[in-house]
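The structures considered in this document are given below.
Next come two complexes built around chain A: one with chain B, the other with chain C.
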Partner chain A sequence: MTLLDSRDLALIAAIVALGWVGIWLLLPHRHGGVKTARAYRVGALLSAIAVLLVLPYLTPPGDLLARLFFYSFSLLALLGAVLMITARNPVNSALWFAVVVLSSSGLFLLAGAQFLAAGTVIVYAGAIIVTFLFVIMLAQSHGQAIYDRSARRPLAASLTGMLLLGALISAIIAPGATRKDGDPAPIYSVGAIADQPPADGPIAAVTAQALTETSRLPRPLEQGETPAHVAGLGATLFTDHLLTVQVVGLLLFVALIGAVAIATPKAPIRPDRSTASSSPGSATTNPGGVS
Partner chain B sequence: MATWQIAVILVKIFLIVGLFQGAVAYMILLERKIAAWAQDRIGPNRCGPLGLLQPLADGAKMLLKEDVIPGYVNKPLYILAPAIAIVMATIGFAVVPFGPAGLDAPTVNGNPIHFQIAPNVDIGILYVFAIGSLAVYAVILGGYASNNKYSFLGGLRNSAQIISYEIPLGLSVLGMVMLARSLELNDVMSWQDRNGLGPIPAWGVFVQPLAFLIFLVSAFAETNRLPFDLAEAEQELVGGFHTEYSAMKFGMFFLGEYLHVITVSFLTVILFFGGWDAPFLGVEDTSWIAAVLKVGVIFFKVTLMVIFIMWIRWTLPRFRYDQLMNLAWKALIPLALLNLVVTMVLIQLFRGVG
Partner chain C sequence: MIPDQSETLSRTILVLLPEIVLALSAAAIMVAGPFFRRGRSLWAGLSAAAIGASLLALLAVSGSGTDAFAYGSVALNDALSVYGRFAFLITGLILLGLAHNQVGDDRAAEFFGALLFVISGAMLVCAANELIFLFVGLELVSIPTYLLLYLPRRNRTTQEATTKYFFLSVFSSALLLFGFAYLYGLTGVSNLKALAFLMGGGGEVITTGTAAIGSIAVVFVTAGLGFRVAAVPFHFYAPDVYQGAPTVITALLAWIPKGIGFVAMIRVLTSVVSVGEPMLSERAVFLAWLIAAATLILGNTVALVQTNLKRLFAYSSIAHAGYLMVGVAAAFARVEDPANLGPYSGAEGIVFYLAAYALMTLGAFGVILYLEGSGERAETIDDLSGLSRTRPLLSLAMALCLFSLAGVPPLAGFWGKFFIFASAWTAEPIQGIPSLQLLAVIGVINAAIGAYYYLRIVAAIYYGTPARSPAAESRSAAGWPTAMAVGTCAVLSLILGLIPGPLQSASRRAAVAAIGQPAPGTSGPEGEDETETDDVALVRPRPVR
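Now for the complex of A and B:
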């Protein structure tokens, strides 16, 4: 059974090959050396062709304006991703990562996932990348280190990445990958299981005992009705995925305790008398100090 | 989306951007006048009657001055930073209603005209916070790209401050969000209008007084206004993250800061002072006269808030850096969490009453 016709197969192979060579040429040298400008130019050209070859596989939304935004965000995200891994300055890498995150949240917005878009921007662009920038800037006070300028195993790494991309594209466009109306949903929610006629065996036992009325969404969505984004998300999280939420909360709590345990300053082996006596502020900030 | 809808949106964008950029020019004049009044001076009075043409002279000066780019800066990031500052300050207005929007919007031929650039965005407040969290890039990049120790220190201080104060800012808003059961700013306003005890409206400042205080303090820190303007402490940092910037690039940082003040004033008024809510106006008035009145009321309240923010500048001295961080992490965040829990419990107990 063939999942893809030969045209798709050739296109995907071309994307993988062009992207591999292009990104390998664009990546920094293995020992942090400088490549010639021609290598960068050829690499940029090949990567750009690979990025353009991906575009036919995207399914744009119907509206003209939405389509315009969709293609801009997609191109920006792809270019940002390539530039993020190939930039030689880690600060620029972090900024290109921010571009990727912002473009992806633009795509989320176009797909109607408003909360996901806002959450991505707040968490990734607003907090995580800013922390990256802090660390990179403070670590760079004496110029760029060799480990920042060199790429580790560029040939194998770019091949692996592009093969993964090829596998993803083929999995997405393969016939049967998109669900039709009559097909059963691939992911069951608790509500969906509860609505099914009672089956025999363990599923019936679990659904009969574990489910109460609170573990269902208030009512199914009508056709053409916009879902209440945050309210709907909250309802799903605290009914269908209640256990997951609690486990994740516990995990975060454990991580928090661990962070506090690691970050609390230990009592110094030999007390530093010079600073403890000179400034009044340091006496209060070091309560564990041996006096 | 029909063509007329796009046209209406474009008109609103041009109107809002133009109006607020013009307002910023006069806010600078207002700030200087209030500073002069606080210091017993006269203030700018040379350009036009009462100095009213001073903003034009300032703007011309900003645009016509020589734009010096020092040789040692990281040029792409150096140019990017002020652009980020002004873009982030401007697009934050997209979901802020400046009049009746949503249910009580006035109609033309049965089509509602919302006084809001992007109406019916479910996540209004989250969007404002997302944009606000991006504004930190301007400061951190400005400090880094300048390649100057003082600028870098200013940038670091400021980004740590903004990241820290975002937490109490977000937590303090959640109380109002839970009461109104919506993240949309229109719904928060109409909730404040619909509820209340007799003549006393259910403004956020009455139902969530602690949250209001926390929000106000955090908002001052987010906008870098004076008790928290460590990033540009002239005495220690020669100006802070914008030391190396001149002419309009400096002006763009300046403009961004004042636009932030306007955004924060709008948020405060909408969340805690009822927005367009006045004793004679309600959510059920959907005529055009009521709409104009509501716009007037909201702009009046915002003006008062802006004047209050400028007045505070000459009232409180600047914080020290450790005091700043202690205030956020040891005082405001626990208080905001307490407020959140108490609000939750009360809502759960009195469910169905309000």
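Now for the complex of A and C:
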């Protein structure tokens, strides 16, 4: 019961092995020491070969220009990811993470998901990485600590990560591995089923109920017209997922109250007047906490 | 006929009335907290009233069926949903009784509000029929739990426990979302009933090739939920967090995340995978087999050497996750016909076991809380020795809960183990993987090992000598709600053990409803075979919006 041919398996094994050694060489030393420049060079070479071996599994879209952008964004994202986990300075890590996020936004844009691309840039590159940087700057007022510069269990961690990558690649390419040209796509598009009239069969009926008009992708329009992504997203959020949006509102409310309740350094002395009047010292020693 | 979107939405809101009542009360309590400077008893009383109102709402809506729009709505009101929500409300009352005096007056409103949010999140998980809604329900349990962990006590051990739990919980949510993304990608629908229907749709949508992608989803969703239920290899946080957290929150952590984790596994994994591709279901059985065996063996053997009570209960809760994973393994096994489950189904065993587990665990933690509340030490097993001389009733309650945890007949815990092992024993053997009967045998052996450390506590309580002379005047009462909660747990464990029939038929109905597939487009009986197309001819075209 094997789904992959031996060539694929060998390629994936090579990616795992090369990536493991390469990332391990690139990662900071276990005790925060400095490795030799040769170790970094060999590590970079091996990781680069592993990254190049991944590329054949990517399916680029459309014409030459889109292809060009696709490969540059993909390479940039992979490169940024490797550099993010191997950087010895947390600030550099955060900045490389920004590179990863920006290049994945580019990939989203190529896939036609404009809102997701914009949202990723705004939320991740705009808000979260800036917060990371603030936290790192504030935490590093006394220089880097040893745990910032050292990698924890680098050998085991890089092996686990690479094994996971290998398993994911093989599982993802498995559906298409035995496919000949002209076969239907391995992943079934239920959007096509949902367009059939429900009387065509139970599957069509169920799909039509599960995929309401608002939750489908906008139909391909005439040449030059762009489908209204944000409008479509808003429509599906506030019709199909209205209740989910409400529960997310509750989540934000709890998070807000929780942040206030946890962050206030001293509990405001509140309840009975008797304890408040019997211990005036607490009010003077803690002026900020008096409610 | 198919209800249109606005009708589906309004009926779903009606079905979710209990959660809405609970969540609105929780929000009101949290907002009112800073303005009304009252003691904690007011907020505890208001929370109890809110849970009572939610129970009434649940009883009022429990009759309204949701089969007609099961493929289009985010929440269901089937037997599993009613069963789970009822169980979480009752255990919520018990938890409230245990927690009523565990927080300072100054934080009481936030504390009880967060507790209500946890319960309403757990209820949302029981009712959820959609991937995103389910995830949001799980988060509505997690985020208030961080607050609950930190609010009652602010010292270094609590801080450490909160931090550990926070990071691992966030990490597990990320794993879960990754798995959900693949599960969604398999078909492109996020509705769970529709997903199960398409998985079983005659090999048209799911092929052997896509089953490989399905296995990514199964692995990651199991990993994400495995953190919540503390199954090996995702158990490592449990002992530290259980020991460092305030006792009442330890009780909450031992029950609520485990309960919702397994309900979510029934909703997302077993009901979807077991009706689908045989190869995917075989792999899932194997995965659950490995996790169950590892969890059982590790939890029980490490619990043997524990002397700290909270650590012991942490490992015991890991071991119970193992018994429940045996049920998951049995529930993953392929079901040919969703309308016709075998005599013992894994999901049935899981929901029965969960109810029994909730009572016995909360009861055991309640006894520890009661002792702490009356100023006695209750940290190690030795602290409990000779307890029967000073507190005969409390000792009896503890003994009942411990016997139930050990699976001694005729208590509720015995029947839970019995149904789970029976479902594993009667499951069809699968080529290429170790048989589920072997897993049942491993489970029985582990139940015997587990009995040893529970009975050790009972022996200490009844035959041990008190470490110090009981100073009657130094003891204070721990409050009647705690005593009532402990009493309820012990008595219910006994009653459900003596008369398991009603609970068993309720869990049976829940298991059937979880896997059942309503006929598309009609409001006919559940579990219509999807290959019958006669009903579909009656389906009217979908209303065009």
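Here is the rule we go by: the second predicted complex is superposed on the first by the 211 of 291 C-alpha atoms of A that agree within 3 Å, B and C clash if a C-alpha of one lies under 4 Å from a C-alpha of the other, contacts with A are read in each partner's own complex, and residues count from 1 in each chain.
Keep in mind that, in the parts below, a contact is a pair of C-beta atoms (placed from the backbone, for glycine too) under 8 Å apart; a residue touches a chain by one contact, two chains touch by 3 or more.
Everything quoted here is computed from the prediction, not taken from an experiment.
Trainee: First (chain B), second (chain C), both or neither: which does A:Gln114 touch?
Mentor: first
Trainee: With both complexes overlaid on chain A, does A:Ser6 touch chain B (first), chain C (second), both or neither?
Mentor: neither
Trainee: Check whether A:Val91 is in contact with chain B, with chain C, with both or with neither, and answer first, second, both or neither.
Mentor: Only chain B is touched by A:Val91; chain C is not.
Trainee: Once chain A of both complexes is superposed, is A:Thr36 in touch with chain B (first), chain C (second), both, or neither?
Mentor: In the superposition, A:Thr36 touches no partner, neither chain B nor chain C.
Trainee: After the superposition on A, what does A:Leu65 contact: first (chain B), second (chain C), both or neither?
Mentor: It touches chain B, and chain C stays clear.
Trainee: Output check: A:Val248 vs chain B and chain C. Expected answer is one of first, second, both, neither. What do you get?
Mentor: second
Trainee: Residues of chain A touched: more by chain B or chain C?
Mentor: Looking at chain A, the partner in contact with more of its residues is C.
Trainee: Please work out whether A:Leu133 is in contact with chain B alone, chain C alone, both, or neither, and reply first, second, both or neither.
Mentor: Touch partner of A:Leu133: chain B, not chain C.
Trainee: Could you give the residue numbers on chain A that contact chain B in one complex and chain C in the other?
Mentor: On chain A, the chain B and chain C contacts do not overlap at all.
Trainee: With touch defined as at the start, can you tell me which chain A residues reach chain B in the complex?
Mentor: Per the touch definition, chain A meets chain B at residues 63, 65, 91, 95, 98, 102, 114-115, 117-119, 121-122, 125-127, 130, 133-134, 137-138, 228-230, 281.
Trainee: Help me check something: in the complex, which residues belonging to chain A touch chain C?
Mentor: Listed in rising order, the residues are 1, 3, 167-168, 170-172, 174-179, 186-191, 193, 197-199, 201-203, 205-214, 239-244, 247-248, 250-251, 253-255, 257-258, 261-262, 267-272, 291.
Trainee: Any idea which chain C residues touch chain A in the complex?
Mentor: Spelled out, the residues of chain C in touch with chain A are 2, 5, 9, 12-13, 16, 23, 27, 30, 34, 37-39, 69, 71-72, 74-75, 104-107, 110, 113-114, 117, 124, 130, 132-133, 136-137, 139-140, 143-144, 146-147, 150-151, 185-191, 193-195, 197-198, 201-202, 204-210, 212-213, 215-216, 279, 519-521, 530-533, 535-537, 539-542, 544-545.
Trainee: Which of the residues in chain B come into contact with chain A in the complex?
Mentor: Touching chain A from chain B are residues 1, 6, 77, 121-123, 126-127, 129-131, 133-134, 136-137, 140-141, 144, 152, 156, 159, 163, 166, 183, 322.
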